[in-house]
Amino acid sequence: MYQFDWSSIPGALPYLWQGMVRTLQITGVAIVVGIVLGTLIAVARLSKSSILSNLAALYVNGLRSIPLVMVLLWFYLLVPQIISSLFGQPGVDIRLLSAFVAFALFEASYYAEIVRAGIQSVSGGQVSAGLALGMTSGQTMRLIILPQAFRRMIPLLLTQAIILFQDTSLVYVIGLAEFFGVAYNTGNRDGTLVELLLFAGAVYFAICFGASMLIRALQRKLVS
Amino acid sequence: MISIKAVSKWYGEFHVLKECSTAVSKGEVVVVCGPSGSGKSTLIKCVNGLEAFQQGEILVDGISVGARNTNLSKLRSRVGMVFQHFELFPHLTVMQNLTIAQCKVLRRGTQEATEKGRRLLDVVGLAVQAGKFPAQLSGGQQQRVAIARALAMDPIAMLFDEPTSALDPEMIKEVLDVMVNLAQGGMTMMVVTHEMGFAREVADRVIFMDQGQIVEDRPKPDFFKSPGTDRAQQFLSKILSHGAQT
Amino acid sequence: MVTFIAGLDWNIFFQPAFDGSGTYLRFLLVGFEWTLLLSITAWILAFVVGSIVGILRTFPGKRLPGLGAVYVELFRNVPLLVQLFSWYFVLPEIVPGLGTWFKQALNPLLQQFIAAVLCLGFFTAARVAEQVRAGINSLGGGQRGAGLALGLNHLQVYRLVLLPVAYRIIIPPLTSEFLNIVKNSAVASTIGLVELSRQSQQLGEFTAHWYESFIAVTLLYGLINVTVMIASRFVERLTHLPGYVGGKK
């Protein structure tokens, strides 16, 4: 029978917390940039200009067809080169910056699809009504369509955020240590990998399950 | 005020409007009727440019709807439209529905817009509902708000696309009453509808459309006494007998 | 951009690989093969387990659907990477007998492969379960009722009435889940499996030709994507019911 040794966890808690902060940073940046950029891309995808529409489709389909691991590796390659060609030597932790950029752009492609579905779920009559009152397409989109679309999409946007929160663990592949990375390194170093992995799993489960219960409650409230 | 000249429209292969020509003068009330699929909704949506057309010309107050350099938003702000499914904005209150276009399109101040909104709600009999959301109102109430919303823009003409077709029978009268008052007040109106009672009461002319063509276009008394074509005769008798039964 | 791509050294793919396995092109293709093998094996597991759990969740009563819900929640709320490491590092330690055999008797490649298959399979099964459940539920209670009224027992109702239609409906989301497995297979690189993304990293590390490596691999993933989408549309057309939602009349 395996002998569980939980002793290395209490001492590691401050570092684990720092790791969690980093996880939340990446998640936060990716959500904000992802939704804003995703909305722009969704609107572009639905625009009458076929150039904009095709570019947007290319972006979304392109990013959604390759693994997140590859996207992280790609930006870990590209970001330092771009930074050094623009600013000379980078002053900030380039891994974190690459992770921010990679996740933001990656999530934007997923958010773009959610927003696009949300916009299309608003009835065409609403567009007609807005235009008939003399609003421009831009005003109609901004004042009439998007507010309605977002109300409907909130549960989906939040669910995607939970997925994103879990995906941040993959920054492991570019050597960045967030919550999971710290847990792994601690377990590896102390020979208590099993316990740390189980602990990390439990923490993720508690947070994600709790969040998804909240979303379900929110969904019930929105419907009534 | 509104002049429609030889307008034709195709949806791909389907010829939905065939050389339609007619006109609506200032203060005139024109009713457009006909079977489903006759193109009447499409025609009226061409008047404010919500539908494009491939041939012909439509002038509203002298401005060409189809011309490339026409400012369509500006034109639409001067012509009111009321839709079959009301199309109130569900995320805004009744009052906000009335003021949003006034503020964002006509650049009126909030106070002025709210004042106007309140006055119009009084006219349609719904002043109490100003703070409610559309989903809290009945169909008839929503449609009356929709009419007020269009009127808030001080339009030179009003277009109605089957305004009562989606209403339960007991609510049709309250909406028609508002429209009758509007007509008697001298508003230029183009109304697509099956409600022949309304036509008989306030219409100046009746247009009958079938399969994309304007088949008849006659002064109201003539139309009801003796429609020129068999098609219109059939349609009228079916509609009127149904109306008599309800 | 075009000049940049043209300026890269594409000959690197014809150089011999550091591990003596042949050219670097062969090196990448080995990874490609492992990715495909991993994806297909994991998909079979995911489809079978996911179908069972999904069907379970549509049973009447509370206990069986509840079990299914526990499964889905467990595998959906823990990151894939944590699950993978659990299969590879944790289970062999704490499962008596089988675990020790796994660690000692199997060669490392097989250990990595099995852990990856189990991880991806059970992880995706949770998502497949949700799709199957949604597909069955979208048919409404009427279909089930009609089957029962004809005297079919529950098993027959599922086999003959509900599942044939439900599976047709969910072909698009199931295709999407298969593609997710292909993308998620890249996570197996973290435990050393020689799948495509790991090979591309190794190629870069040993030759410093990062761009060529990544571009080639990105194209290969894209190729899988396009092929699967075409195959899926073919399957849809093959199995579609005339006049039913989503198909042409």
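Labels A, B and C are assigned to the chains in the order they are written; within every chain, residues are numbered from 1.
Note that a contact is a pair of C-beta atoms (placed from the backbone, for glycine too) under 8 Å apart; a residue touches a chain by one contact, two chains touch by 3 or more.
The structure displayed is predicted, hence computed values, not measured ones.
Between chain B and chain C, the least number of touching-chain steps is 2. Most remote from chain B, judged by the distance between CA-atom centroids, is C.
By count of C-beta pairs in contact, A-C exceeds the other of the chain pairs A-C and A-B. Closest chain to the protein centre (all Cα atoms averaged), using per-chain Cα means: A. Averaging C-alpha coordinates per chain places the centre of chain B 55 Å away from that of chain C. Averaging Cα coordinates per chain places chain A and chain C 21 Å apart. Mean C-alpha position of chain A lies 47 Å from that of chain B. Across the assembly, chain A contributes no residue that touches 2 or more other chains.
Interface of chain A with chain C (complex): residues 1-2, 62, 65-70, 73-74, 77, 162, 166-167, 169-170, 172-173, 180, 184, 193-194, 197-198, 200-201, 204-205, 208-209, 212.
Of all residues in chain A, those touching chain B in their complex are 123, 125-126, 128-136, 139, 143-144, 147-148, 151. Those residues of chain B lying in contact with chain A across their complex are 45, 48, 50, 73-81, 83, 85, 87-91, 100-101, 104-106, 149-150, 153. Looking at the complex, you find that chain C touches chain A at residues 73-74, 76-83, 85-86, 89-90, 93-94, 96, 179, 182-187, 189-190, 197, 200-201, 210-211, 214, 217-218, 221-222, 225-226.
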